[in-house]
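In the part that follows, the structures are each spelled out as structure tokens.
Look at the two complexes coming up: chain A is in both, with chain B in one and chain C in the other.
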Partner chain A sequence: MSDATSIQTPPPSASAKASRLRFAAFWGLPPLLWQLAFFVVPLGFLVAMTFWSVKSFRLTPDATLANWIFILNAGFFRNAYIYTFWLAGLTALLASLIAFPASYAMAFLLKPATRRFLVFMLVVPFFTSYPVRIYSTQIFFSPQGIINAVIAPLGLGPISVLNSPAGTVVGYLVLTLPLVVLLQTFALGNVPRTLIEAAHNLGCGRLRTILTVIVPSARVGLIVAATFAFVLAFGDYVAPVYLGGSKPPTLSILIADQVKSGNNWPRASVVAVVMIVTLIIVMTAMLALAYGRKGARR
Partner chain B sequence: MNASTSRRALLVLYTALVFVFIFAPIVSTVVFSFNADRFPSLPWGGFSLQWYEAIFADASIQRGLANSLIVAVATSAIATFLGFAAAYVDYRYRFFGKMAYISIVALPPTVPVVILGVAMLTFEGRIGLSGTLTGITVGHVVLAAPFAMALVRMRLADLDPDIERAAWNLGATPWATITGVVIPFCLPAIFASVFLTAAVSFDEFMIAWFVSGVNETLPVRVLAMLQGQVSPRINAIGALVFAVSMTLVVAAQMLLGRGGRRNAKEA
Partner chain C sequence: MTGATAAPMLEIDRVAKRYGETVAVADVSFTIEKGEFIALMGPSGCGKTTTLRMIAGLDVPSDGEIRLWGRRINEDAPWEREAPLVWQNYALFPFLSVVKNVEFGLKQRGLPAAERRRKAMEWMERLGIAGFADRGVDQLSGGQRQRVALARALALEPEMLLLDEPLSALDPHLRVRMQSELVRLHRELGITFVCVTHSHSEAFAMADRVVIMSEGRVQQIGAPREIYRRASNRFVAEFVGGNNLFSGTASGAGEGMVRVDGPFGSALAPRPTDVEILDGQAVTLVVAADRIDLAAAPSGAGNEVEARVVTLEFVGSSVTVFLETTGGAELRVQRSLHQIENTPLSPGQAVFARWAQAEGFFLPA
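Moving on to the complex of A and B:
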């Protein structure tokens, strides 16, 4: 290369090469080894354990399909799978719909300083004790709780959502809404303003602009937001237990029960592996939807 | 014009409602932690510090808090180092299998914690780590390191690669360059990830629940208390936990904001 702007390094000697390699290994290896040892290996071990057996309450390495056959044929598992999938899907849809007007307002109506502050606020709950927030939500919706105290004078209620699928969904929304609003706001913020102005100039109405210009061009971000909502809700344990009353149980409740009281780790592992496979399929499908054919046309 | 103004107002009001839904559980926890009544509802029963006195006198809560702090500090140190290292490798090198490398480091937060918890429990049971604070820390680092990596990587995106090359050309070793140029430049992101990874660990309850055994962390204690009846003590613990994690997250965000602004000025 001869151009003056790029800076060239002199050809390294053998010892310099070795020292560079040491330098690269010092930074490159620790993260890799840690995540291999404590993330990849445990997950691999989880898969292996699905083929183990429990003999007189003892875990025994084995190569049996009995756990798979038992779980996949168990009515309680099938019901829990359908229920969990359906509720997580419903949550992804509800969270997306509930979040959209707010994200729209944040991206297009509010001043940049206000938007920055609200984004700043939305990051906080994501890292803030979720079980306590669920407990608090439980108090809100309890029979003598605040919601019923507020609506009683209006001649409404009492409403009861606790210990029902509705309660679980409320909890899932507590979990997912901050992230969905955040991701949607970023997605909408990246829609070119000129595109929207062009639509308005050409006489496109407000709602039609949203549906035919804004949503399609923010599609990737909107789908990613919904996918995250699905993933979070699908794996959540706290909301279905404390707001849904474990009735009916979700997959995460099955896992916890099998491990904590049933002491049947191989069966719990089967449920966990089925969950991972499901999530991989859902994420792949959603990414295909996000970057799919229609996207290429634009 | 009137229609557009009222539509604007409606949308802003709706946004406010969404924020109320998101933040009401946090605010009410803090408010009711000072309520004299046993059951947290309206009307307000009077100001009281009795629930705070009760939790500070509770040995299991003290132990949980101490365990949580130990695990959070250890997690934060290790995860920040690993996250920085991975981000630097991504910034500096091109090599075969880089996508796989980055994925392995970055993926853990996308796996449900209930599954990470079972995997950690079964695996750590084999190597004698389950039931120890080390075992919890190991799991928390797996979960927290990707956040550190993301924060440092975003910062490094603003560092011109030629600056490092210039330093090497002037005879600086890679070690001198990284300690003299790269790390100082990344300091805001490094401190931010110290705080954020501590927050991730301090709030993590699922891996800790599976792995902890008798060495409960504070969130695991809270989870156990939730199984019992309604207790205003949970509000007091919750308010404390919120205070700690919010301080950490807000500190992290302010550091990032400042770093970004300074950078914008330089440009």
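Moving on to the complex of A and C:
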């Protein structure tokens, strides 16, 4: 015990600290600069533009609250906001529910080799550009499309999905499902097997174990997956236009409309800023839900 | 045979478990009586944990049968059994408070909330963790977690408790305390304990009977003293430690005795009744290290072997003396610290190792 005092770690010297800082700066600075240049600066510009005005179709720097007052009081904006929020929320919920059985199977039932193959297959959709995938979805759901052709002989249909909120949600799911399955699979894969076995051992059947042990254990990952689905759907423009037929318009369509009709960039910026603020609030709330100490233990 | 009167509580009958090409358990049979404390002991990979998991229903045997009170339970799902397990890493639910962890099994059985809270608190009281009821399990020390795991299992008031290396994650001084606490719990509750361990000191200290396993097979079953004093084969004699294994050649030595000559010297031992030993046969004579005396001069009684002290190893109040015989064989002798202090030994010293003829026994071939 006497030699414990002689082997003490020396206090970090000032030069060692400086060298560590330089090291961190060297590797940390480039991404930081990138984010500053292509995210923070444009964001600042976007916020600034909400106070500009448009005079005879020309953008004029200004310091007016007119755009904010107009948009926040506009009925069409409120309707679009509620509609978009509801549809994104519905997508997050549907994607989570539809993905869960698949993720469960991938995490717990399949062999590692099969799981690796399927994870690869889930990344493949990201190879093709998203609008292309939406166009191919149109082929399935159009009135004379594949789905109606298949179900007609069974005496079903025709179903009409295109140009409706249902079409938009289908598009959102095309966008979000692969990602949600991936995130859920990783989340479930990290649930300790002994916890599941311990639940079985204490008399908890297979289905019940999912609710009482697996979901609470994978809570953070499952919430993050749902949040991603919400964020992607909330800002998406392609699905509501090409599958939803722009009726009723979502916030992203509203932005495009403001620009197209009357070149009103400031009003479009107001909508965009409101969307960003909404997403920040939603993400903060979801992360609090995921990591919150109070919610963590019942 | 309808009367289950004679049937033991649990029968493991020629059970095997294979994972593809890998054999975890080759062929294991033993029985467990109600209220026994059984230890499954062996080196890692001997199949002891797999055997325990099959009793819990977490693994299904590839062959053989497990019977509870005479009824085959091979295919019963784990949640249909009453055999709660205390896990090596405790496997507590981190998203539940301590008391909710203890209540977990009772909740699955549909006990009303008030009733299960009362029972959970009773068990936590008994195990000295009632003060942590509303804490998270991540705020507990290893020893406290162990108690939560025990309370969670015992709250079900099972007739059999399974323990998988219950003490291995604890620090040494806590391990000894928990060991005696487990023995006390077992005595008080009167239920069956089945405990997996790789430590013979743990197994011998706690269990009524020990099942020693190696390479998926049972090597010996018996009370700790029985195994310690009469190892049934070389593996057991070496694994339990504290034994000298002398190889040599047998020859007749009068009525009921065998003489063995080898590098260790020569000694007499009782002729075994169950196996025949022929003159000139190669045999292994086992003598427990704590049954050998050391003396400065020969006395002419019993077996005596001349040896030199190589080194001494002090473990608490006992000392192992390592010696080398004149013939070059290793010899170990266990003494108490007290004895060593009375007659000091130092490396290089020449001594006579002496033991009574009745202390030696033979390993089967």
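The rule is short, and it goes like this: the second predicted complex is superposed on the first by the 255 of 298 C-alpha atoms of A that agree within 3 Å, B and C clash if a C-alpha of one lies under 4 Å from a C-alpha of the other, contacts with A are read in each partner's own complex, and residues count from 1 in each chain.
Quick note on the criterion: contacts are C-beta pairs under 8 Å (C-beta built on N, C-alpha and C of every residue); 3 or more make two chains touch, one makes a residue touch a chain.
Please read all numbers here as calculations on a predicted model, not as lab measurements.
For the composite obtained by superposing both complexes on chain A, the positions of chain B and chain C are free of clash and fit together. When the two complexes are overlaid on their common chain A, residue A:V174 makes contact with chain B while staying clear of chain C. Of the two partner chains placed around the shared chain by superposition, neither chain B nor chain C is touched by A:A166.
Set side by side, chain B and chain C differ in how many residues of chain A they touch, and the one touching more is B.
By the touch criterion defined above, A:A66 lies against neither chain B nor chain C after alignment on the C-alpha atoms of chain A. Contacts of A:A74 after superposition: neither chain B nor chain C is touched. Contact with chain B, but none with chain C, is seen for A:G235 once the two complexes are overlaid on the shared chain. Legend: residue contacts after superposition of the two complexes on their common chain; A:L287 is shown touching neither chain B nor chain C. The overlay of the two complexes leaves chain B and chain C separated by a minimum Cα distance of 8 Å. Residues 192, 194-195, 197-206, 208, 213, 216-217, 219, 296-298 of chain A touch chain C in their complex.
Listing the residues of chain B that touch chain A in their complex gives 8, 11-12, 14-15, 18-19, 21-26, 28-29, 32, 39-42, 78, 81-83, 85-86, 88-89, 92-93, 101, 104-105, 107-108, 110-116, 118-124, 126, 138-139, 141-142, 145, 149, 162, 165-166, 168-169, 173-175, 196, 199-200, 203, 205-206, 210, 219, 222-223, 226, 230, 234-235, 237-238, 241-242, 245-246, 248-250, 253, 257. Taken in their complex, chain C has these residues touching chain A: 56-58, 77-79, 83-85, 87, 89, 91, 93-97, 100, 104-105, 108-109, 136, 152-153, 156. In the complex of the two chains, the chain A residues touching chain B come out as 6-10, 19-20, 23-24, 26-28, 30-32, 34-36, 38-43, 45-46, 49, 98-99, 101-102, 104-106, 109-110, 118, 120-125, 127-137, 139-140, 142, 144-146, 149-150, 173-174, 177-178, 181, 231, 234-238, 242, 252, 255-256, 259, 265, 268-269, 272, 275-276, 279, 283.
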